[in-house]
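Labels A, B and C are assigned to the chains in the order they are written; within every chain, residues are numbered from 1.
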Amino acid sequence: MTFIREIISFFTFSEPNVKVVFLGSLILCAISGLVGTFTFLRKRSLIGDVISHAVLPGIALAFIIGHQKNVLYLIIGATITGWISTYLVEYITRHSKIKSDTAIALILSVFFGIGVLLLTHIQHTGAGSQSGLDQFIFGRASAMNQSDIVLFGSVGIVILVLTLIFFRGFSILSFDEGYANAIGFPIAWLKLILSIITVITVAMGVQAVGVVLMSALLITPAAAARFWTNKIHILAILAVLFASISGIIGSAVSYTYNGMPTGPWIVVIVSLLAFLSAIIGSKTGILKSWNLRRRNNVKILKENTIKLFYALNSEQPDNSGFQFSEIAENARMENTTLRSGLKLLRKEGWLIGNDRQGYQTTEEGKREARAIVRKHRLWELYISKYMHLQPDHVHDDAEGIEHVITPEIERELEEQLDFPKLDPHNSEIPY
Amino acid sequence: MNDIWIIITASLVAANAAILGSFLIMRRMAMVGDAISHAVLPGIVIAYFLTNSRASFPMLMGAAASGMIVTTFIQFFNKKVKLQNDASIGISYTFLFAVGIILISFFGSNVDLDQECVLYGEIAYVPIDTLFIGELNIGPRQFWILLTTLIIIVSAVIMAYRKLVLTTFDEAFASAIGINVVFWQYYLMAGVSLTTVVSFESVGAVLVIAFIAGPPATAYLLTHSFKRMIYLSILIGIVCSIIGYYTAVWLNGSIAGAISSVIGLVFAIVFAVDLFKRRQVSRQVTQTSN
Amino acid sequence: MMTGNSVETHNLTVIYNKKPAIWNIDFTLPAGKIIGVMGPNGSGKSTLLKAIMGIIEPNIGYAKIFDKDLDDVRERVSYVPQRQSVDWDFPASVWDVVAMGRYARKGMLKRLSAEDKSIIEESLEKVNMTAFAQRQISQLSGGQQQRVFLARALAQQADIYFMDEPFVGVDAATEEAIINLLKSMRDQGKTLIVVHHDLHTAQDYFEWMVLLNTRLVRVGPVEDVFNQETLTETYGGTLTTLSKVASLLQEKSFPMRHK
C-alpha cells in the first residue's frame, strides 16, 4: 500500500521536491530523445557510448576545481572531456591503421578509467565523500534541485531552438552526408553544431541516467520510433515522446523506492518500448511482415487452387462439377490445405458448389484460372528464351514466380515475347 | 605481500585480455567485447543471489545464459526486424546491463555486490579472500581462478592458432579450404565471455575493455608480426598493471581506474612516437626527392 | 590431361534479403580449361564462386566439383578472393600469407616441413615475389598483393582454382605474367575459373565462358558464346523484366518457391 501511496504522492506533486524530479527527468530525457534521433540516423550509436563514458573525468575534474557540486561547472567539465573523446577517436582512426571500433573501445574505457580514478581519489581524500558524485554513474534523479532545473530548462530550450533551426540540415546530413556536401550544404558547420549539441545533451543527461547507460537514452528512443514511421520529423517527435514516458516512469520508480538508481529503470522502460514497437510497429514491425506473409500465402493458395480447375476444365469442358477426390488427385498439396483453398475460392465467388454436388468454376473463376496459367507459361517461355534453360527446368521456377507477376510485368513479357501462342512444352498460352 | 598479489591478479587479467583482444581488434570486434562484458551482468547477479556465493561455476552458467540472451536480442533486432547493426547491439546490451543493476538494487543488502564494484571491480580486496587447503593458506581465490582461466585460454589459442589467424585475416579463404568460420567465431567469443566473467570481480565491466583494446592496439603500432603483437600486448598489459597499481596507491584511488589510465597513457606515447616517426620518414622522402 | 567435368551446378540459387543474387544457375563446366566468368557489376559473379565453394550456403540447389560433393574434394579446391576482401594492415609478412596455403593440407598443429617450405618458396618464385618474402603485407602495391594471393593459391597445389578478379589493379606486364602462369597451370591439367571484366582480352584468355546476369545467360566454348548478341543480352537492358521481378520478390517478401 505504501507503494501506491508513494506513486500517488509522486504524480500529485504533494511534495515540492517531486515537481523538481519530475520536470528534471522530463526535460533531460526529452532533449536526449530529440538529439539522439540524429545520433541514431547517422549510425553513431557507438560514438554516443564514447561520449557518455568520457564525461566522467570532466565531472570529477569540475568537482576538484570547483570544490563542490556545482551543476554548471559539472556540465562544462563534462562537455569538454566528452568533446575531446570524440575528437580523439577521429584523430586516431585518421592518423593510424587502428580501426574505429578499437579506437572507440580504447577511448571509452580509458576515459572512464581516468574518471573512476579521479572520483575515487576525491572520495578517499575526504573532501568529496558526501559529494554524491557516484550518482553520476547510474543517475539519481532525486538528487536534482530547483536551480538545476532552471539550468536544464534554459540549456534545453537553447538546444531545442538550435535543433529546430537546423532540422533540415541535420536531416540531410544524417541521410546522405556526401549528397549534402555535393549540394553545397555547409556540412562542416552542421557537424560541428550537431556534435556540440550532442555532447552537451549527454553532459546533462548523465544526471538522470548516469554515464554508463546514457548511450541507450540517445539511441533506444529513436530506434523504437523507427518502427513506426519513415518520416524524420515524426521520428523525432515519437523519440521525444518515448524518452519522456520512460523518464517519467523511471524517476517515479527511483523516487518511490529508496536507493533505486534512476538510469537503469529509464533504460529498461525505453527498451521495453522498443521491443513492443518492434513487434507491433506499423512500418517494419514483425506484425506487419507476418501479415504480409499471411496475405502472400492466401494469394498463393488461391491461385494454385484455381489453377487446378484450368486443367480439369480443359479435360472436361462442360464444367459439370468436380468431386473433391477428382480435384485432389492432381493437387500437389495436403487435403486440408486444398479444402481451405476451395473455401477461399467460394468466398471469392470463383467457385460454386460443395463436396456433395461437386465444384464448378464461375466465369470470374475461369478468367482467374486462365490468368494464372498465362503468367506461368509466359514466364516459362521468357526464361527459357533468355536464360537458355532446358524446357524441363523452367516449370519449378514458374511455379513460384507466377504469383508475383503484376499486370504491368505481364504486359511487358507479352510484348517482349511478341504475344506467343505456345509455351516451351508446346502447351497453349491462354489469353 | 598484498601488493604483489594485486599486481599478479591484474597481470593475469591483462594477459587473458591481451591474447583475446589481439584477435578481437583485428576482427573489428572490440565493441562486441564491450557488449558482452556488460551483458553478462544479470546472469552473474542471479547466480550470485541463488547460490549466495561467489562460486565461479554458477556465475559462469549465469553469464553464459545472459550471453545467449543478448545474442538472441541482437539477432532479433538486426535480422528479424532489420534494425541497423550498431543500434541493435547498443539497445541489447544496455538493456541487459540495466536489468542487472536493478537486480542488484532489489536484492540490496542480501548480496554484497554493489553497483560501483560492477563497473570497476574490487581488486583491492582480492588478497583478503584466500583459499585454504586444510590449514594451509594457498593464496587469493581470484588468483587461482584467473590462473586456471589463463591456462585454458592459452591452450585453447595454441591449439587453434592457425584457424583463428586464418579466419581473422581472410574469412572467405578460410571457409573455402573447409574451415568452419562461424564455429571459430563462437570459440573466440566463448573465450571472451569466460575472461570477462572471471575478471568481473577484480576489474569490473568497463575496465576489462581497457585491457582488451588498449595493450593490443599499442602493440599493433609497434610490430608487424601477429605473434609478436600478442606477446608484446601481454607485456604491455603487465607493465601497465604494475605502474597502475603504484599510481593508485600514490593517488589513493581506484586501482583498476589507475591501470586503465596508464594503459591510455602508454598508448598515447606509442601513438605519438609512431606518428612522429612516420612524419619524419615522409619528410625525408620529400626532401630527398626535391 | 584432366578430362570430365570440373563443376556442375543444379538450380543454384542464392538469395540476399529476399532478393536473388544468383538465380537457378544450371551448368556443367569441363576440366583442364581456363574458364571466364563475366557479367556486369552486381551480377552475382562473386556470389556464384562462393556458392560453388560452399562459402555461402545456397538457398536452393547444389554444386558438385569433379562429380563429387564439395566436402570430399576440399583439398583439391583453391580460392583467390577479391583483393579488397581482406585488411592488408594485418600484421603479417608475405611469407606468412603464402604459408596459409599449406594449412589446408598440413592440418592445424603440425609444423611446416622442409618440403612445405620449398613449395612456398617455389610459389613465391613463380609469381616473382621471392625478393619480398619478408616484406610486410601492408607495404605492398596492389599488384603485389594480388600476386601474394596467387602464390598462396599455388602453394595449396590444388586441382581447381577459383579466382575473383585477379587482374584488377594490375599493370599490363603483370597481367601478362599472370595469364602466362595460368596457362602453364592449365597445361599441367589444372582447371581455372576466373572472374574477369575486360571484354577486349576475354577472347584471348579463356577457352570457355560463363556469361552471368543474376541468371545464367550463356555458357560454352568462347567461340560459341562470345559474340555481340550474347554480350548485349548480358550487359544490355533486355533483362530489365527479370530484375523487376526480382525486386518485386523482395518488396512483397514473396517466397521464390513454396510447397
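We adopt the following convention: contacts are C-beta pairs under 8 Å (C-beta built on N, C-alpha and C of every residue); 3 or more make two chains touch, one makes a residue touch a chain.
None of the values given here were measured: they were computed from a predicted structure.
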Topology of the chain contact graph, where touching chains are joined (line, ring, star, complete, other): complete
Farthest-lying chain, centroid of Cα atoms versus that of chain B: C
Geometric centre: closest chain by C-alpha means: A
By number of C-beta contact pairs, the top two chains: A-B
Distance from the mean Cα position of chain C to that of chain A, given in whole angstrom: 37
Inter-centroid spacing, chain B versus chain A (mean Cα positions, whole Å): 30
Averaged-CA centre spacing for the pair chain C and chain B, given as whole angstrom: 38
Per-residue multi-chain contacts in chain A, two or more chains: 97, 99
Touching two or more other chains - residues of chain B: 220
Where chain C touches two or more other chains, by residue: 87, 138
Residues on chain C engaged by chain A in the complex (per definition of touch): 11, 24, 26, 87, 89, 138, 215-218, 233, 238-239, 241-242, 244-245, 248-249, 252-259
In the complex with chain C, residue positions of chain A that touch it: 97, 99, 289, 292-293, 296-297, 300, 333, 382-383, 386-390, 393, 396-397, 399-401, 403-406, 409, 412-413, 416
In the complex with chain C, residue positions of chain B that touch it: 26, 159-163, 166, 168-170, 172-173, 175-178, 220, 223-226, 228-229
List of chain A residues in touch with chain B within their complex: 40, 43-46, 48-49, 53, 92, 95-99, 101-106, 108-121, 124-125, 134, 137-138, 212-213, 215-216, 219-220, 222-223, 226-227, 257, 259-261, 263-265, 267-268, 271, 274, 278, 281, 284-286
Of all residues in chain C, those that touch chain B in their complex: 50, 53-55, 71, 74, 77-79, 81, 85-87, 90-93, 96-97, 100, 103-104, 108-109, 136, 138, 152, 156, 162
